[in-house]
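Each of the next two complexes has chain A plus one more chain, namely chain B in the first and chain C in the second.
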Partner chain A sequence: MNALLHRIGQAVTALLYVFLLAPLVFVVLVSFNGGPVPSFPPTDLSLHWYLAALRSENFMNGLVTSAWLALAATLVAAPVGVCAAFGIARGRWRGRAALEAFFLSPLIVPGIVIGIAVLVALAAIDFGNAPVRLLIGHTLIVLPYTVRTVLASLARMDPALEEAGAVFGASRAQVLFHITLPQLKGSILAGAILSFILSFDDVSVSLFLSSAQTSTLPIAIMSYMQYNFDPSIAAISAMLIVATLAGALMVERFFGLKRILGS
Partner chain B sequence: MRPPVPTLRGSKPMLSRSMSARTDSLHGASLAAPTDGLTLRPPIRIPAAVWLLLPACALLVLGMLVPVGQVLWMSLNPPEPGVMTPGTALTLKNYSRFFASDFYVGVLFKTLWLSALATLITAVLGMLLALSVWRASPRWRGLMIVAILAPLLVSIVARTYGWIVVLGDKGALNTLLVGAGLLAEPVKIMYTPAAVLIGLVHVFLPFMVLSLLGSLDRIDPSLGEAANSLGASRLATFRHVLLPLTVPGLASGSIIVFSLSMSSYVTPALMGGSRSGVLTTFIYQQFSVTMNWQFGASLVAILLGATLLVLCAMLSWANWSTRHWSAAK
Partner chain C sequence: MAHVSLNRLHKSHGDNIVVRDVSLDIPSGRFLTLLGPSGCGKSSTLRIVAGLSQPDSGRVLIDGRDVTRLDVQKRNIGMVFQSLALFPHMTVADNVAFGLKMRGVAAKDQTARVRRALDLVHLGGMAGRFPRQLSGGQQQRVALARALVVEPSILILDEPFGALDRKLREAMQTELYRITRELGITSLFVTHDQEEALMLSDSVAVMNQGRVEQVGSPVDLFERPRSRFVAEFMGLSNFVRAQVVNADERGTTLNAFGRHFEAPAAAVVIGESVEVALRPERIRLSAQAPQTEGAVQGHVLQAIYHGSSSDYALRLPDGHVLNVRQGNEQAEMHDAQPFTIGTAVWAQWQRSAVHILQP
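The block that comes next holds the complex of A and B.
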């Protein structure tokens, strides 16, 4: 009885891994289909839909917007987040834990609420510039990841190294640039890659902040998907999957995925 | 941590007068820099800390805190489709419209039910996955973690499209099952609440596994071995040793999954049929189609309020069960 239960548990667990990966695998498989519908098994192999996706003005405009947006949000959030992490890690006052929770709070507030809030606040002052609107929303949602990775690194850092530098007469700036920051390089980079990926993939915030002229790639794919089913979606999605997994592997190398995503 | 050292105003000659005045007024003596000459680790002086924290605080206060307040305020303004600025007139009309309508109350309960079900399924499946990672040899562990976490990073749009490919009437699953002779004809899964549930579980399972692993990793593996060698069955070991110790992880995982499910838009919008609307799909409608922002804002407030209520209930249950278990020991 016990052994049987154990076997069943093992089988279910194996199936769960299939469940987790199946949709990703099938998107890639279907993307090589030459036919007009995403049928499985693929009837004939072709890169036809990749070409169609790359030629689609809709997708390509979205890709350019998303890439610039993700880059800008990362570049704004990284210094702001690094500074905030330093302020928390090196300060010694009572409200530190509360402030840290505040900096991580965009993780808890639902994305669509952040999107709507930014939309409403900017509409109230009659500001309708979609790229800036998107940048504000995206910076908000990626900030916690930078703060968290840098905070974790600062907490693990050996204070003896900085002290040694100070003892041997290094100025504060020298300690910062030659001892502290080099040690944080990995975590800042990991936070930046993760920020880029999350901003690039975001739907819920962009949903309310995009405009007809400025639409991100996921929003463009989503609105295309509501009325079309052709495998060009599979092709563009497959490219996204491969690019994201490459980014994820980089983060894993620099920092460890579990540490950065876990609580 | 070093206890805060009271600062003597006269002992900070390095600070300009205006700077120290500014920070004193902000934090008083509680935000004090160590003044003893023995501190070798470069301490950050008060103004530096304030300047470091200021950009992030400004971003969060102006970009999120105030705007969310504006949304909540707007939910109390009389509904005027097309008006996008918060007004001064206050009314509960939006809320009474919601709670007087069987349709909207039904949507609220459907959203709650779907999220609760997704949380429950995710908890059970997540526990199986987390245990498999916890028991795995270090060689397999890394690979398993990547397999579980990688989907989390892939765009939700791509993942949802994947499910459409798998679950569609002519999708992979139906083709395989019919081809194998297990089904006489394709079953309709896509565009039903079941599809939404599958999508939600898939999207949020990694969060549950992460949070459970956080708890499991703190358990000494020899505890399980001890229980086993003392004659406890695997099931008994799980029930009486592992499960009580993972309650914190289970609670935080459930909180994450429930609140993410409540506020998910993409999965219900793309995988649910036209009739399986949830709160978020109606919020989107009010803000982008009907342009009744005041009513939309009240839907946002109701979404947040309902989520918070359930989360409070979950937290108090988690607290109770932790105390209950430790009292039983």
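The block that comes next holds the complex of A and C.
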């Protein structure tokens, strides 16, 4: 009986994985298609569409914008997130829980709402610089990841470590730089990698904040798809999938994804 | 090596008073232990001495200098934390060197002193390892070396051996005894383990509900516990109310278990009712009625065999239950042992087994 249940459990798990991964595998397979339209199974194998994708000015401009944007948003969000996490974890004032919820709220608020909100707010003060607009929007959506990873690390850290630092003669600043921050290194890095990936993959916020001149890669892919349908989309998607997977593996290596995704 | 004094320390968290009027003295080079159950205020007292928390009132003096408001960084303290708090991202050598580095000791001297400290705790070969690569006992030694290397005024240890298994704990206790006596370092130790306190300390302060119940040498506390709390903590049992029949400077005569027996001289008044503790290990059992007077007869209610000794519970005719610990090697000479449940036995004791407790 138990063995049977175990088998059924395994089968359900396997099906779930198939359900989750099949579209990704499908895209990757289609991307190797040589023909002019995406077809499955691939008729003749070729890297032709990869070349086409890499030669597309649209995609490459989007890629560069996305990379810079993700990097900038990560670099802004990481220190802000670390400071916020310290305040929330170490503060002894009222309203800490509310502040924590506030900092994590971009996880819950739909990206479209954040996008519209940033757009409307910036329009109200007559601010129209698309790159800065995108940076603000992306910083907002990636901030919770650093806050969360650092909060988790701070909660798990033995408070005696910092006390030991002080007992053995370290000033507050020395404790911070010699003891606390080295303990948080892994979680800050993990938060940063996640931030980068999330910013890089974002569509909903960017949709409202990009302009004709400044467009991110996912937006470029989307607009291309409205008028064309060839395997170059599959090729660029396949590259995105591989890059994202590499990032996720890096986070797993440094921090363990479970600790971020499970609360 | 410094003389450390605690002077009327008070500390409360809200309505909860955690340290009440604690005054203690640790002469230079001596080892004092704060002993008590969890929540008795021993750790709070220790944190005040370390400078990790501030008393509401009272003073901490090191060599006569008031350090109560001195920052923890400047107190020159060596501390072994309950969780050890080794820095996980540093090697053993870097952990030990940390205090020296913060004090601005020259790099060359650091290396030499770290090596000496690690040799002292027999960890010479482990300098390059990380704490997670060491066993529990080795981590303890690193923590100890880190505390000793700075040549602190006082070595503070907060239940450092609680997490170790028995054998390792005993080894570390012996080691700590050797090192502290070898270096002649003033030490403040906190534990809830009575045996550990007795074996390590020059003096022991038993704490209860934030107060020091009794301070004294291990022998003092063990032989002359003043209160029931201390007596219980020292492993005494057999508490009974007795009537003072006679009292003078040579001794006290008490009445309990429906008979008279002798006790050491004490400040008591004839006719008064006092609480008395009887040491289980100083009561002798025998199968036959002994020649001497003052033996009581009872039945074995419970017998627990420990190998070298056995613990018995005797029911006396008046209903009292008497706990007795009997060495089995002696019992064998009287060739009837260990006693089994239901056996009628005679119990007798010297007057040194009797302690009159303060009300």
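Convention: the second predicted complex is superposed on the first by the 249 of 263 C-alpha atoms of A that agree within 3 Å, B and C clash if a C-alpha of one lies under 4 Å from a C-alpha of the other, contacts with A are read in each partner's own complex, and residues count from 1 in each chain.
By definition in this document, a contact is a pair of C-beta atoms (placed from the backbone, for glycine too) under 8 Å apart; a residue touches a chain by one contact, two chains touch by 3 or more.
Since this is a predicted model, take the numbers as computed values, not measurements.
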| item | value |
| --- | --- |
| First, second, both or neither for A:Gln174, with chain B first and chain C second | second |
| First, second, both or neither for A:Glu163, with chain B first and chain C second | both |
| Which superposed partner A:Leu51 touches (first chain B, second chain C, both, neither) | neither |
| If touched residues of chain A are counted for chain B and for chain C, the larger one | B |
| Chain B versus chain C as contact partner of A:Ile136, first or second or both or neither | first |
| Chain B versus chain C as contact partner of A:Pro182, first or second or both or neither | second |
| Residues of chain A that lie at the interface with chain B and also at the interface with chain C | 163, 166-167 |
| Sites on chain B touched by chain A in the complex | 1-2, 4, 27, 30-32, 34, 40-44, 49-53, 55-57, 59-60, 63-64, 66-68, 70-71, 74, 84-86, 125, 128-129, 131-132, 144-159, 161-166, 170-172, 175, 202, 205-206, 210-211, 213-214, 233-235, 252, 259-260, 262-266, 270, 280, 283-284, 287-288, 293, 296-297, 300, 303-304, 307 |
| Residues of chain A defined as touching chain C within the complex | 158, 160-161, 163-171, 174, 178-179, 182-183, 185 |
| Sites on chain A touched by chain B in the complex | 2, 5-6, 9, 12-13, 16-17, 19-24, 26-27, 30, 37-41, 79-81, 83-84, 86-88, 90-94, 99, 102-103, 105-106, 108-114, 116-121, 123-124, 126, 136-137, 139-140, 143, 147, 159, 162-163, 166-167, 172, 175-176, 197-198, 200-201, 203-204, 207-208, 218, 221-222, 225-226, 229, 233-234, 237-238, 240-241, 244-245, 247-249, 252, 257-258, 261-263 |
| Complex interface listing, chain C residues touching chain A | 50-52, 72-75, 77-79, 81-85, 87-89, 98-99, 102-103, 146, 150 |
